[in-house]
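We call the chains A, B, C, D, E and F, going by the order they appear; numbering starts again at 1 in every chain.
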Amino acid sequence: MKKIEAIIKHFKLDDVRKALMDTGAIGMTVIEVKGFGRQKGHMEVYRGVEYEVQFLPKVKIDVIVPSEKLEESLKAIRDAANTGEIGDGKIFVYNVEQCIRIRTGESGKEAL
Amino acid sequence: MKKIEAIIKHFKLDDVRKALMDTGAIGMTVIEVKGFGRQKGHMEVYRGVEYEVQFLPKVKIDVIVPSEKLEESLKAIRDAANTGEIGDGKIFVYNVEQCIRIRTGESGKEAL
Amino acid sequence: MKKIEAIIKHFKLDDVRKALMDTGAIGMTVIEVKGFGRQKGHMEVYRGVEYEVQFLPKVKIDVIVPSEKLEESLKAIRDAANTGEIGDGKIFVYNVEQCIRIRTGESGKEAL
Amino acid sequence: MKRFISLILLVMMLAIPLVSFAGDAMPTVAGNAEAIKTVQTNADFLWTLVAAFMVFFMQAGFAMVEAGFTRAKNAVNIIMKNLMDMSLGAIAYWAIGFALMFGVSKTGWFGTTGFFLSDYVADKDPWTLAFWMFQVVFAATAATIVSGAMAERTKFISYLIYSVVISGLIYPIFGSWAWGSLYKGSGWLEGLGFIDFAGSTVVHSVGGWAALAGAIVIGPRIGKYVNGKAKAIPGHSITIGALGVFILWFGWYGFNAGSTTAANTDTALIAVNTTLAACAGAFGAMVISWIKFKKPDATMTLNGTLAGLVGITAGCANVLPGSAILIGLLAGVIVVFAVIFIDQTLKVDDPVGAISVHGVCGAWGTLAAGLFNAGGVTLKIVGVQLLGIGAAFLWVFPTAFVLFKLIDKTIGLRTSPEEELEGLDIGEHGLVAYPDFQVNPEANG
Amino acid sequence: MKRFISLILLVMMLAIPLVSFAGDAMPTVAGNAEAIKTVQTNADFLWTLVAAFMVFFMQAGFAMVEAGFTRAKNAVNIIMKNLMDMSLGAIAYWAIGFALMFGVSKTGWFGTTGFFLSDYVADKDPWTLAFWMFQVVFAATAATIVSGAMAERTKFISYLIYSVVISGLIYPIFGSWAWGSLYKGSGWLEGLGFIDFAGSTVVHSVGGWAALAGAIVIGPRIGKYVNGKAKAIPGHSITIGALGVFILWFGWYGFNAGSTTAANTDTALIAVNTTLAACAGAFGAMVISWIKFKKPDATMTLNGTLAGLVGITAGCANVLPGSAILIGLLAGVIVVFAVIFIDQTLKVDDPVGAISVHGVCGAWGTLAAGLFNAGGVTLKIVGVQLLGIGAAFLWVFPTAFVLFKLIDKTIGLRTSPEEELEGLDIGEHGLVAYPDFQVNPEANG
Amino acid sequence: MKRFISLILLVMMLAIPLVSFAGDAMPTVAGNAEAIKTVQTNADFLWTLVAAFMVFFMQAGFAMVEAGFTRAKNAVNIIMKNLMDMSLGAIAYWAIGFALMFGVSKTGWFGTTGFFLSDYVADKDPWTLAFWMFQVVFAATAATIVSGAMAERTKFISYLIYSVVISGLIYPIFGSWAWGSLYKGSGWLEGLGFIDFAGSTVVHSVGGWAALAGAIVIGPRIGKYVNGKAKAIPGHSITIGALGVFILWFGWYGFNAGSTTAANTDTALIAVNTTLAACAGAFGAMVISWIKFKKPDATMTLNGTLAGLVGITAGCANVLPGSAILIGLLAGVIVVFAVIFIDQTLKVDDPVGAISVHGVCGAWGTLAAGLFNAGGVTLKIVGVQLLGIGAAFLWVFPTAFVLFKLIDKTIGLRTSPEEELEGLDIGEHGLVAYPDFQVNPEANG
């Protein structure tokens, strides 16, 4: 199994969720994060003082998929999250060694 | 070392924390997340409009344990978090390549 | 590529960010977490009832770096985050199997 | 002897206003009579001003309701709009609005004297000021209603322009038709016997119809209608929204009971009616929402409270308490259906329900003031009420529509989609309302 | 001649009320006297109503205190309860409560005339309305106290039923014993000389003992007592809670000083006493909490402020300012011990401290009104005060207990554990109060 | 006959105060005159007290503004400070402040009679109490200004000490110079004709200069100046801050119009001036911030509103409405420059802008009261105004400076850096304000 971590723009969350479900994913976890990459923050003025908003709000989606679904899932995310503009985000992939469903104790792919 | 990511129900946090500490774990990190899996969201009505609450609030516990403690820790979490009901959550395991304690610079298992 | 997860004190965030940027990192993601390790929580009194604040607020920085930059980055974080006091935090390193930039579809190191 | 007595009596009864009640002068009947008038006048000023202060406080209520019922990313913007519609609106009303509304009116269509409070500068009659103070907060109320309906997508500068025009022109001109004679004016509508004691139509419907025009011209928020289906966009703090409703209710006592602009015993009936209608409105909306949506809906119940208040505003001084309950109850029911109708059928996006609460229930309240008139109801009374309701719509909706269209064609009415998605607070004001708190992914859609 | 003069004098002194003070009629002594009465009456109405509006605003204060002192997941529910206990309570008080409390009472135990405000419909005396307006917000205050103590676990529908019964029956019946003669009633307790000027017992203890019964019947929140040890469940917004306390303090001036229901100079002493007692209460609670817990505890200090206010409510018009400080100070001390005792010894779960603030300090204040009576204290005075305190407990606690038990056995008093864990907002109202913000894991336990 | 008639008239006019206006006694002219006075007195009490209650409510406004404009981690602390400066301040003012300010003053520098409200205990004149009530909330206002400027880094215990000293000594002594003769005192400054109707200098500048001294002595917050450059530390809730501003504006009507301490028609001009100046202040600050920072700055506009209010406070009763607009507008402009100057040039860290709003605009308002005097302006008038402005600074700044230095040297003025970084709420009160919500990493720097 693989874990996909996709850091995307807020308003793309719903599209990405739908795209993933179309690939057969049946679960995912989202986390509010702040980050920067190519897209840097912007300057604002607070009571006359300029300051940099360094970190921009983004959403991170964690989705664990069976290894054979990886490519399909990556493509789905990319297509759904892409606006062609800076700040669209990044996808990272990790190896998952084990997976357990708490309720049933099942493990491995069945647990997803 | 292994990283255990357990996504559980809020009110089980305290039990899981205690169970883990009983296995000898001396640290952990929790994060508020939203997610869905087998347990889907529910429909609500806001000002006459039906809408789906797709993501339910969950807690994610990250705990890094020495590899030899892995099975014991997984069991502890499972036992503590299990209610037998849908939405009890999932556990994922990853490999940790390195661990450093910032204050002392120690690394490896000693750093945990 | 490697993923560095550093759990540090809030007020060190800016220093760590700068230190990482000095090593050439051009992106990172931060998440608000709560945790404990060697540094335990403290007792407080609420309306006459003692209670333990078990989890202390911390910041987690996720930064994905090319493998050859790993050591340099770890040192940078350690140096910046270190106050010599308990609760300074921990650094964990994971392997990243793949990285994609959503906007361009680039992958691997170029995508960082 | 006779003469002497007559003289004494004469002095006592007539001449002595010269001596007047002051210091240790020998009191006289006529002097006392003057003094009594003075004391009553003082009480009238006291009540009129205290009521005006309470109505002013409704600005805080509107700001909190509108902020609470919309998303966190637009909270700064909503608050700035509420602050500035009062600030610019009051200056516009001082400069021209008051004159158009209450100046001498030869035609019955608008006043033409008293710009820049010049009446006071001329006469030094403090009543001009007390009356202006009471009226300016009414104008601000009419103006502020619109900001809720156009929330989360309107350019700030465009809102400021609208604000000046409604406070300076649209509101006062209609106001002069119904209320001009309260001061120096004389309006055609009041001449016909139109009953709108505290402004269900004059203030609330006027604000509500301007809100309708604005919401239509600007169009719905991004994500509000997807494939023609309405989506829910929950507000960011029900607590703050509810606080706003309680503040409005409190201020409404000044609004309704203060509309006597005199300290007299009529205020008691008005206060009781206001209370009962608000309570019944909350109850009505709760029950209907419970039946329709299976759960007692909080935002609908809060809207129902306001609906009850708007509903009783016209008739608060001329209906009996039992009728007030009925009027409020129906307002609470109406507002639920109106919100759903406007949202789902008309597909007009009104984040806080301003059109339903103020426009629709304002019309209902005006009709009800005729139907439940304690002095009896005739076809003529009902007819005039309907005429007033219609006149308000026909005057306000088109002029506001044209105004918003004009703004749209020139400087633009709506912020860019990027700004709207990110939140107006950053785009328009360079600030976030709650920098210390994380923001929910789903709330930013 | 003589006759003529006599005639003039007669006309002047007696007959002229017919002419009365109005328009330009020749003023007369008797006419002036009438006019003076009218002006004073107008002032009385003005003050009574303004005070009533301020007391109404306390509803916002209660809503904010209770919402702030409980968890975010139950904020919508708390607000709905506060809104509806006013809304339903006022209608119940209009229908029956007022009649039971202030109607003609043959027995001294409850009134039997004036249902549905029929007195006003009959006489058209506006004072009936002004007085009702002032009394209805008192009834709402008594009712709303309970929602805090039963927060975070009570079924909404059950709360609504309770609400109607306390406003319509339990509160008015006790009220008739102590205050009936303020209007048409006559109560046995006031007949004995019971001093409770603004309602330490009549309003606050009544609310507090009902809260005690409710909290006992419903039992503690899940997680409040673990292995018999009390756990802390912090409220979600101290800022909102503190705002509520400030609003309550503001409204309390209407509560206490308005209880003259007349514009006279007695109000000054009342206002000063109210201020000093509140200040001393805050101070007392802060000092005690500092000593006991090592840090000045904010929620205790806020409770102390309210304790001082509740404590002075009975005696605000008959003690000297110095005594007010002492009464408030002791109330602030008492409330801290009461909260701890109820929470840790009685193990009754009262999330906001309502029982301690209103029940216990209400009793203290009633006793203090006797002990510190500026006109001197006798055993009899103290005895009657104790009798009143006891009567309130003996009437309210059992009836409320039975009421809650009945509700529990029939439709159920408490929400399901799942709903409680998830938060009542979702379960009861299908809405979260702060959808834009993340919620802390630990707060949901 | 003649005698008889004379007798009757005499009785009517003089002797009958014995009969007095009460119950059914035959009314008389003199009796009526007395009764009229009584009614007017009642109205004066009513207005003075209602105004005092409104000014009290400003405490809620200050608490919300200061909490909203600072970080979440210090919200409990800010609220406790606001609660306690009222609570301790009122007791200090009762014990000594009022006597120093309004007691009989032989020298013109401070009063020496009336400690512990002993005047009332002696005479039982309720006016003493009504007047005290109005004055105590003014003292609390002056005291509370400082908490904002010293927010997020001051030890709680030290703040309490400061609080008692300013309410008990610093404020009342200056107050006696300008306002002593409103009661039994007589101050040297009022003797010269100093105009400060409601306290631009007496209350606001006094608070502002104490704030300046405090902010200098305590030094900036950690992270506020990095390499000599000012950094932004945004407040945690603009919504709550704005609510505070609306509450302050509402309360300000009591502050300014209540300063008549009489129910008369002068209040109308004051209310209108207050409204227009606030509006113009908001407008001025918005425009300037828009020009300078490219975007209409919300916190500056909110400060501008308060600046307009502070600016009109001195002259609210003696300038024309047109002048009020000008005074407010300039105050709004001044406050923006003052904030920037104090923050960036003086490098004095004032999180909420208290020094600029209250100190600087208080001075401006006092000068403006002379310059725009409706009765004409002379060099002497302006000179006395400047003298008063200078006297306030020269009295308050040094004494407050010494006070803060003394506290600093003894028990310490500032919390430890660890505590400051973690937030004062945990360190000083063992509580967090919003336990249910996550806190942003960047806000904790």
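Here, a residue touches a chain if its C-beta (ideal position, glycine included) is under 8 Å from a C-beta of that chain, and two chains touch if they have at least 3 such contacts.
All figures in this text were calculated on a predicted structure; none of them were measured in a lab.
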Shortest contact path, subunit A to subunit D, counted in steps:
1
Chains touching both subunit E and subunit F, listed by label
C, D
Where subunit B and subunit C touch, do the two copies share over half of their residue numbers, giving same, or under half, giving different?
different
Once you find the CA centre of subunit B and the CA centre of subunit F, what distance in Å lies between them?
53
Between subunit A and subunit C, tell me the centre distance in angstrom, where each centre is the average of that chain's C-alpha atoms.
18
Centroid distance [mean C-alpha coordinates] between subunit F and subunit D, Å:
30
In subunit F, the residues touching two or more other chains are 1, 5, 29, 32, 36, 39, 43, 46, 50, 234, 237, 243, 293-295, 297, 299, 430-431, 434, 437-442
Junction residues of subunit B - those touching two or more other chains:
30-32, 34, 44-46, 54-55, 94-95
Listed by label, touching pairs are A-B, A-C, A-D, A-F, B-C, B-D, B-E, C-E, C-F, D-E, D-F, E-F
Per the contact definition, I'd like the list of subunit A residues that touch subunit C in the complex.
2, 6-8, 31-38, 54-55, 58, 60, 74, 77-78, 81-86, 88-95
So, in the complex, the side of subunit C touching subunit E is made of residues 34, 44-51, 54-55
Note which residues of subunit D are touching subunit F in the complex, please.
1, 4-5, 8, 12, 21, 26-29, 31-32, 35-36, 38-39, 41-43, 45-46, 49-50, 52-53, 56-57, 59-60, 63-64, 67, 75-76, 79-80, 83-84, 86-88, 90-91, 94, 116-117, 120-121, 126-127, 129-130, 132-133, 136, 156, 237, 240, 243, 428-438
For subunit E, which residues are in contact with subunit F within the complex?
1-2, 5, 9, 13, 29-30, 32-33, 36, 39-40, 43, 46-47, 50, 54, 71-73, 234-239, 242-243, 245-247, 249-250, 253-254, 257, 263-269, 271-272, 275-276, 278-280, 282-283, 286, 293-299, 301-302, 305, 320-322, 325, 434, 437-440, 442-443
Any idea which subunit D residues touch subunit A in the complex?
223, 421, 426, 430-431, 438-442, 444-445
